[in-house]
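Structures for review follow.
Next, two complexes with chain A in common: one pairs it with chain B, the other with chain C.
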Partner chain A sequence: MLSFPETKPLAAPIGLPRLRWPFSIGETIAVTSLALVVILSIVGPLLSPYSPIIPSGDQFLPPGSRGHLLGTDNLGMDIATRLMVGARTSLFAAVVTTACTATLGLIVGTIAGFVGGWLDTILMRITDIFLAFPGPIVAMAISAALGASLSSSIVGIAIVWWPLYARIARGEVRRTATSMHVEAARMSGSRGIPLVLRHILPATLPTVAITASLDIGGVIAVLSALSFIGLGTPAPAPELGLMASTGMQYLLSSWWIPVLPGLCVGVLALLCNYTGDGLRGALRSRGV
Partner chain B sequence: MTPQVLDVREMSISYGSRVPALLAVSGVSFSVESGQCLGVVGESGSGKSTTGLAIQGLLTRDPSVSATGSLTIAGTELNPVVERGWEGIRGRTVTTVFQDPMSSLDPTMTIGRMLTFVAGSKAESLRWLDEVEIRDPAAVFRSYPHQLSGGMRQRVMIALALARRPALLVADEPTTALDVSVQAQILKLLRREQEALGCGIVFVTHDLGVAKAMCDEVVVMRNGCIVERGTSARVFGAPESEYARRLMESRLTMATDRHRPVGLPEATVVNAMVESLNEGRAETATTTVDAVTAEWNARSLLWSDFAPADVGEVSVPPGASPGAAPIAALEFTAVTKSYPTGGGIARLKTVLSEVSLRVEKRESVALVGESGSGKSTILRIAAGLESASGGSVQRSDVDADAVQVIFQDAGASLTPWLTVEQLLTERVRNSKRGGKVSAKDAARLVGLAMDRVSLDRALLTSKPSQLSGGQRQRVAIARAIVIPPTILLCDEPTSALDVSIASTVLNLLNLLRHALGISVLFVTHDLAAARVISDRILVISEGQIIESVPAENVSSTVSSDYARRLLDAVLS
Partner chain C sequence: MVRFIIRRLVSLVVVLFSLSVLVFVLQRVGNADPVRAYLGPNASQAAIAATRIKFGLDKPLIVQYFDYLGGLFHGDLGMSYSTRRPVAVELADKVPATLELAAWVLFFAIILAVILAGIYTLKGPVSGVIRFVFFSFASAPSFLLATLMLLLFFKQLHWFPAVGRITDTSGGGPTGFYVLDGLLTGNLAYSLDAIQHLVLPALAASLGIGVALARVLADGLSSGMASNYARTARSLAETERSILFRHSLRNASSPALSMLGVLSGAMLSSLVVVEQIFSWNGLGQYLSTAIASADFPAVAGVSLVLGAVYVILTAIVDVVLALVDPRVKLT
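This part shows the complex of A and B:
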């Protein structure tokens, strides 16, 4: 028997199926960092000796000062503590906002996609109307009308953001509803809501979840922007956008006061985006 | 002596990405001379496709594949898993006709561009199109793949493969996706072109009929090994190995005995079925499991042995007196169906025109036709998945329990994230009769259904992706009969399955219908399968039923040209 000049080695014949870590190196770094940030923003404020809203030292202390790792602001409040509390608020608000918008969009989209006909037309034209307006501006108008606070910002964003999810959910539901297994489920007697919940929605959820995880970063940025222009909780609340905007006047003299919160927003949004990307890849590789 | 174009010796190929490494092909040897056609025949998982890919040099991109043995193509020694040396061979010395011409032709290029690239000039391309019997070569030359029919695309594929004047042509299930009558034409064409060019052909197929019609020599593969080889006439006439014999026996022809289970006694599905049915009628019946098995082994077990009244849950309706016309399970009266086409409001494409048919209670009717004949539309209307544009459809029972459907692609018809148990229990809960039963009784019904389709109850917790094709089709059947319907609509339930699995599924359907007294409407393109499963065959063409013949002696009673053509297409 002849053999080939170059024979690739046979893989080890025996062994357990390996459970593969689903993220790449970059994504692993992002996921770990985000986890650290989350832990820090929850645990940090409890360990910090300072209050985030009561001046606790000299004003305008630069980063690295004794007792104040990231310095103090124009009122003498500890920036590190304020950043941790601000990050916590931002993350929490972004997750709540995204969950609300995704759920609202999912419900509207699923109804439109499953029922079809005139209801579909009406719901989708309403969606189109919302999509036709410039999102951030409408969100500004709504939160301004409701009065400056974090909850009105959340409501503002939720109102302009859900149509996106409605579109995605409707497409997925329509695609799944025509597939063979749904037809077979209909033949076996499933109808209406049970049919949707058991045979259609599980196929739609991963797509919506992936989109939502990618959106959290964006929502953090928009929430901070609203807070920056004064539509969030008023001062002295430790909100990242607000901290950046009130600190702007000291940009040249004490750069750390506006720059550190801004940087914090950027890093948070970036980490969320990378994590969302990683999540998408991981779900894709599992064939979702 | 004719030159050898392909010589494979002791070739083994394994896929290492799975743990443990999967030996797809082990120690396979065969050779092909020019002008000769070698059939590589086997069921799914036999390693025939991997063998086909290896000799085309299509395994070099996958780093997890490893190989040993030797492979010589037209005098060049090559390694199936190493890219070096393949550049001048792949697509030149060895060309391919794939199964699905739609996905293997570039959708962004015209046929002309693709063919000119291979043939050299437009004149030469047109000559090739003419050669593969395309009626209007100039028009096809300007077309894109999606504008052509399946048969036309496969002809173009053949032209593309032959225009290189290859020494070896690998045909990987080239006619599986085509209608039966087109299949015969394509096979004839391949045969003629091979004689004209004198190239060798390796014909990979699961279809024994096609292999018999096409090949000079045949190797039968199973689990990566060659279990039998020889001239086509010898292997098909007098198979030596047990496996080849079983394959041949599983194959349906127009001469298959339709009164008893098809295939060899090893088709254990029926034994298991008999067992579970006997449990049900143990008190009254005199036959024991042993006696039935003995009967079966004596090859005397007939479908008529299964009296429906013993076990059937379907009883004669109280109002029906003997002698009165029986109530049909399904009746179509002048049903029409048309779809609007893209060209304006008034433009309608008629799919069914005035179709009338009747399926009696406990009768099995097969609806035979080619793709586009409207046979699937009839089934969908009968199932209530689509509504008719005109005419009336009547079922004996109007409730949802009356009709159940078994689809062609069982894998796709089972919701992927639900377990077998969830799927079956849901059917029980959704049915009118089963909606009120207790959880315990539902579980008992589900278990009984699993027994009836001879699936292990341990599979109840599996998801469809963990099952084989045959198992999935049985789950689909179990779901359809867990609450026995009046009529079971089957949409080509066996055409995606291997021959031996297909015959067990046909046996199962036959047994269920006789034992449970279910009517069957069986839609298929395969006249041989239709003959086995049904009492009566309706031939449908272009939306009209053109003939109705008793299944027993189809071959002698069909009169229309169209039915004749379908009959000739059953390669025996």
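This part shows the complex of A and C:
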């Protein structure tokens, strides 16, 4: 007769996995601040009594002035309002850029990884060549050729940045394609595009999403650099890079005009980087 | 080894060709009609037609590309719209300025990375704070770092000059690298002055890549110190310091070196920004002016030169890596 060894009751009853807050203290601060900044940048401009592009007070008012919390610039425009609108533009543009880039890379990488053969070779050679280019410089050239504007900066960055995602996606697709569940799906008759969409893509998406979340901070910095050298929307648009670059000539007399937009970019990028790190950790701890 | 170098050279040439194709295509898809941009808005139809033929724009695109490529081999980067001088002539004296700055940026970044990597391997609250501060620096855009440095070291402390490459512009030497020129002509004061002008822009551009480099180096060092060869060395009574410098650093330096190659792309773009801020008369400042005046041949010329610098730099890094690290596969 078969006898089973006595089993001890588990310390905790088995049930739903306990939902644990996945972020460390530092990451929690970063995530919360980022959420606040996002809310502020959306709601703030609506509540502000000033326009971001119309002078609304005396020129060169320092931060802490009455009615102008962060002062005014050389034209008398309210800096706080301009920063909030600029932050909104930056965040939105960075998310759009990263989404476009990741999608483009995902499509190329998935095709290369799934189809294989000569198509894979050709696509990966093209990817290699793009990876060998100095990304930011080529992005500058592309957006200059398309004419200075925010959208051409986005196109420029997307064109140089997708190969990284194509690499990652291809690797993931090839890894997933040999796994048990895909094998099983193949045997039950799934093939071609439905197989990719239903069984392979869901397994590759998390890795691409993590990479994208880690990239947003960097994209914010690159976009602001492009705007700084004059490749964004022309003045008086409230873009952070442009504000810093036009304010540069007042650095020694009114430091806040160029420094505050720069600080704003730095804080946004830092918060995004920390949040991206946190997301990566959180997803990893769930076994993704 | 020879095969590796040959293969790397072939891929270098392929990438350079592709870069020239890309820049050529960009020149043609650009919004502005090059002839109109060159002649201005009031040009007559006849003048436009004549210039079109003069620039070879009436030929098929593929012929135009090969004309362009042939021009590149002769050092012809096209004509600037705004100054109407050959772009190559305009760039000639700006290349040394940018290369000199770039060399100092790399130098500062490596020193910073080694110091930071040392701090990272230490434990404790001080290390945590330093880590946070430098992580913040690495996230900050280079124009913010440049402005803060100007405020602190120029406005408050008066330690370093704020603009230009040199105080006395009448001097000079054969190479266009001012520090080197000073040494070659025996004019030490000239070199020192050039170094003083270099410090702030080089620091501003090097902080970001220095921190990124430090993270790679620190990762390598800490895994090296925990490795089997370190344990063997300890059992042979080698000191920690000797393990760190003789074994761990050597192993950690090759991923750091290849990271440095990749980071030099980011460095070039922050050089563009930093040069504009410090009125550094190099490729970056020229690029910003060219963008402002929608002078695309000039933009294309700078992109091509900076692109080539980057591509050649990464090739050199790869070859050096293969030479110093036997683990690099000779494929």
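The rule we apply is simple: the second predicted complex is superposed on the first by the 270 of 288 C-alpha atoms of A that agree within 3 Å, B and C clash if a C-alpha of one lies under 4 Å from a C-alpha of the other, contacts with A are read in each partner's own complex, and residues count from 1 in each chain.
FYI, a contact is a pair of C-beta atoms (placed from the backbone, for glycine too) under 8 Å apart; a residue touches a chain by one contact, two chains touch by 3 or more.
All figures in this text were calculated on a predicted structure; none of them were measured in a lab.
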**OP:** For A:Gly64, select first, second, both or neither according to whether it touches chain B, chain C, the two together, or no partner.
**Re:** neither
**OP:** Report for A:Met180: first if it touches chain B alone, second if chain C alone, otherwise both or neither.
**Re:** first
Original post:
In the superposed arrangement, which partner chain does A:Ala221 touch: chain B (first), chain C (second), both, or neither?
Top reply: second
Original post:
With the two structures laid over each other on chain A, which partner does A:Leu252 touch: chain B (first), chain C (second), both, or neither?
Top reply: second
**OP:** With the two complexes superposed on chain A, say which partner A:Pro134 touches: chain B (first), chain C (second), both, or neither.
**Re:** second
Original post:
In the superposed arrangement, which partner chain does A:Arg198 touch: chain B (first), chain C (second), both, or neither?
Top reply: first
**OP:** Would you sort A:Ser188 into first (chain B), second (chain C), both or neither based on which partner it touches?
**Re:** first
**OP:** Could you give the residue numbers on chain A that contact chain B in one complex and chain C in the other?
**Re:** none
Subject >> In the complex with chain B, residue positions of chain A that touch it >> reply: 1-18, 179-190, 198-199, 202-203
**OP:** Using the touch definition up top, name the residues of chain B that touch chain A in the complex.
**Re:** 9-10, 14, 16-17, 19-21, 63-70, 79, 81-82, 383, 385, 400-401, 403-405, 407, 409, 412-418, 423, 426-427, 430-431, 476, 479-480
Subject >> chain C-touching residues of chain A, taken from the complex the two chains share >> reply: 129, 132-138, 140-142, 144-148, 217, 221-222, 224-225, 228-231, 241, 244-245, 248, 251-252, 255, 258-259, 262-263, 265-266, 269-270, 273
**OP:** Please give the residue numbers of chain C that touch chain A in the complex, ascending.
**Re:** 11, 14-15, 18-19, 22-23, 26-27, 29-32, 135-136, 139-144, 147-148, 150-151, 155, 264-266, 268-270, 272-273, 276-277, 287-288, 290-292, 294, 296, 299-300, 303, 306-307, 310-311, 314
